[in-house]
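I have a structure I would like to understand better, so I am pasting it below and will then ask my questions one at a time.
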Amino acid sequence: MTDVQNQTDKRGIKIQRTGITKLHLPLIISDGGKSQQVTAQIQFAVSLAANLRGTHMSRFAEILTARMTQPITPIEVEKILSTALKRLSTDFAEISLAFKFFVKKISPVSSKTSLSAVDCEFIGELSRGSRMKFTLGLIVPFTSLCPCSKEISEYGAHNQRSECRVKLTFADADKLGAVSIEKFVRLIEQQGSSEIYPLLKRADEKYVTEAAYQNLKFVEDILRDVVTELRHVDNLAAFEVECENFESIHNHNAFAGHREIL
Amino acid sequence: MTDVQNQTDKRGIKIQRTGITKLHLPLIISDGGKSQQVTAQIQFAVSLAANLRGTHMSRFAEILTARMTQPITPIEVEKILSTALKRLSTDFAEISLAFKFFVKKISPVSSKTSLSAVDCEFIGELSRGSRMKFTLGLIVPFTSLCPCSKEISEYGAHNQRSECRVKLTFADADKLGAVSIEKFVRLIEQQGSSEIYPLLKRADEKYVTEAAYQNLKFVEDILRDVVTELRHVDNLAAFEVECENFESIHNHNAFAGHREIL
Amino acid sequence: MTDVQNQTDKRGIKIQRTGITKLHLPLIISDGGKSQQVTAQIQFAVSLAANLRGTHMSRFAEILTARMTQPITPIEVEKILSTALKRLSTDFAEISLAFKFFVKKISPVSSKTSLSAVDCEFIGELSRGSRMKFTLGLIVPFTSLCPCSKEISEYGAHNQRSECRVKLTFADADKLGAVSIEKFVRLIEQQGSSEIYPLLKRADEKYVTEAAYQNLKFVEDILRDVVTELRHVDNLAAFEVECENFESIHNHNAFAGHREIL
Amino acid sequence: MTDVQNQTDKRGIKIQRTGITKLHLPLIISDGGKSQQVTAQIQFAVSLAANLRGTHMSRFAEILTARMTQPITPIEVEKILSTALKRLSTDFAEISLAFKFFVKKISPVSSKTSLSAVDCEFIGELSRGSRMKFTLGLIVPFTSLCPCSKEISEYGAHNQRSECRVKLTFADADKLGAVSIEKFVRLIEQQGSSEIYPLLKRADEKYVTEAAYQNLKFVEDILRDVVTELRHVDNLAAFEVECENFESIHNHNAFAGHREIL
């Protein structure tokens, strides 16, 4: 059977990334020693030399299928990319694994336990001869309460659900074992006006309502507090932050965004 | 050229609906004499007799393309469906036109004018020999403020953006000329704790914050108030209501739903 | 603390459903003896008596949290709903659990094994004193190849990814143990022009291409073949089917839909 | 009334962007002398000096509301951003306007006219003292037919709907008047295996089927052909291209991506 993909290409364009996207697989994610089975949406690609017509699309699914039973950590992501470099005879590979990861939440007064879903993404980029560049993406929800609304109103203050989207790029591949989803979720959710919880009894609801009312934050305040925290994280090479408030007094949102290379 | 669609089918199954979906077209929507050009997402289908293999898919786009320059009202929807019955030689046709419709909002203190987008849907169903059954779908945003949170807390109260989704089915096709998008948007947005606005100056924000704090409503309260209003609407044959609060203290939503045939 | 939800309501409206929606939890789904951990999106609601102002929203999350470690089957769904009737002192409860479920696929020539994600939904509705009405929802992908395009063209034929969305409602609650996700996925995916697979080597791609080219089906053909199969399923009380082709020659889709009560 | 936003901030962080997002407004887009009213989704932001606590969120909606009746071109976008720099006393402003734009399509044999929706985005970035950097985003649909599938199969070949997403950044603000949505849509849709159309009669369907079967392209082929064309566009400073095939033989997609600074 002719291998049309392997034909020579004469257009002279090296393609930066070609591969598969929107593939779903069950994966085991390991975070700080604890494992969770997740449903991952996957994008997986390699660069393609200028003289080759196409890549071998079936090999991406093969490489992934072989890894489904082993816990995935950042270190394991580097091994997957390394396999791709070899199996697809190329010099650059990248992968994104996006999944909901569950973090335990204990309600602040009644101490009820529940699980909160956090949107999480592992992004790895590997060039032949280098160590992987690893980025952890998180979308962390919390509540925000508007300082202006409180200041100008005789009673009450508008508040709303907010989310903070971060992308954290790590500098030293040898320390990837210390990257912790849960640690960063905890760090970020504390920058809103109050944490939020799947399960709140009335005493908890009183606590959360009053806590938010005493911890006034514009979307810019939350962004700056997250930035301040991230500047102190060890081993971080770069970060992106976006905070978005689903405004209760508008049908559009307020947001703030910021990137830094450290 | 053989017309494969026109082949005889022997499976003996009359199909209830077959046609096209997710087609986008610019349409002119006429509401109470005022017209707006909108971007509509369209689903358009007919029934198919048991002895026919397939419908003629290109005719749906042809019928719609011919109507793009005329203002669409419920009465016009009936004409489109009537054309489909003839052109596709069938006894049932249905259409859904979904679009964002803009309603003028004037801020409560500074009287600043802005436009608020409401998700709107025209649904028509026509059986040969009958008049059309017409349904108006709306998604109307507002703010809600939790009575429990206010009651139990020393200060503040959690509030959030909410939306009310209604489907209003009209009884008497001769009175379709009186169906008004804007009238129903106004009716529904008044059932929340406060209306919301794209453009609010600080004096308006104070007004909205205080108004919501004095107009406490659970999601069930809003639902019941909408139901009470809809029971008094002339010419309504049936309605469905769903209210949903994007809870500021949780990462999930509270909702309430109800249907009635009048 | 005052329980505002428990206040008497005087509007005289019994609400059909009130509860929570878009809650995410990890659940264990058991299908035919085999279990999978999934990430479920959940809606959970009860009816509310006319004289009560609000339901107790925190109890939905409490009931669910207590069930996370037990395998969920249709029978287990009935127990969850029964608990809701008691804990929320009401006469009707309903739940929807939506999740991606993975089904093993073996490529037709090279016999490579991979996993295909199917969107799945368990819907239970329980009225006090009755047995549960259970509905299984599935979205099953396959490929479709257009008979008209093949007939009129000298070579080739347009084909595309398609999906079939079914909702299967079961009649006899005592036989819910026999409801099988995997069995219905297999039944439905065989009604397209060809099954599709996450992992295909070249010999498999040749097989799938040729198989589809010899198994021509309009969207109406697929719908009728699914309907014919479902009419013969034991213990089915009703079904809904929608087939949709993501047309490769248009930027809109063709679809067909049908419902029956058996 | 205290202006809390105007308070001094001591965290020492200049924020790169803060503003509003997911606002919807009707806008008039002017392209090559022809105007269309569209429904735009808008993000509009400015930078915020390190010593200021918050921006004035209401001014974004005010600036936009004042522009709704004038045709929007890239040059007009620059004026909007310039107004933002003044009204919000800052040194950087950016805006994104995303909308469906309709392009006329004439079917290849029967010459039937219809309109095809293209997802379009105007992105402007303006720093004080500079001219605007303008980026045109487009998502253009077409069909692709797999060379491998045709080569290895005795008959047929899998094909599918594809889309090409481009972001075109222009170098010389004085030549923005020559940026044409329609010209770039035409350029890109010709790089697939065949153009697609909302309205095709049978003679057209034969034409499109056969044209695609004779114009075989992997996702990498399409990408390279788009890149080749874009390298020759006047006045372009940079581009990003992503092509994605909604594979008819898989439930995931194939894609290729590439960026260049010219």
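Each chain gets a letter, A, B, C and D, in the order it is written, and its residues are counted from 1.
To be clear about the criterion, contacts are C-beta pairs under 8 Å (C-beta built on N, C-alpha and C of every residue); 3 or more make two chains touch, one makes a residue touch a chain.
These numbers were taken from a predicted model, which means no experiment stands behind them.
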Taking shared numbers over all numbers used, above half giving same and below half different, the chain B and chain C interface sides are same
Quick one: point me to the chain whose Cα centre is farthest from that of chain A.
-> B
Pick from A-B, B-C or A-D: which pair repeats the contacts of C-D, with over half of them the same residue pairs?
-> A-B
Distance from the CA centroid of chain B to that of chain C, rounded to the nearest Å?
-> 25
Measure off the straight-line distance from the CA centroid of chain B to the CA centroid of chain D, and report it in whole Å.
-> 29
Where chain C touches two or more other chains at once, by residue number | 1, 3, 23-24, 61, 117, 148, 152, 198, 200, 202, 206, 251-252
Given the complex with chain C, which residues does chain A contribute to the contact?
-> 1, 3, 23-26, 36-39, 58, 61-62, 65, 68, 99-100, 102, 112-115, 117, 198-203, 206
So in the complex, which bits of chain A are touching chain D?
-> 1-5, 9, 11, 13, 15-24, 43, 45, 48, 53-55, 57, 61, 147-148, 151-152, 218-221, 223-225, 227-228, 244, 251-259
Contact residues on chain B for chain A in the complex?
-> 116-117, 141, 143, 145, 148-149, 152-161, 194, 196-198, 200, 202, 205-206, 208-210, 212-213, 246-252
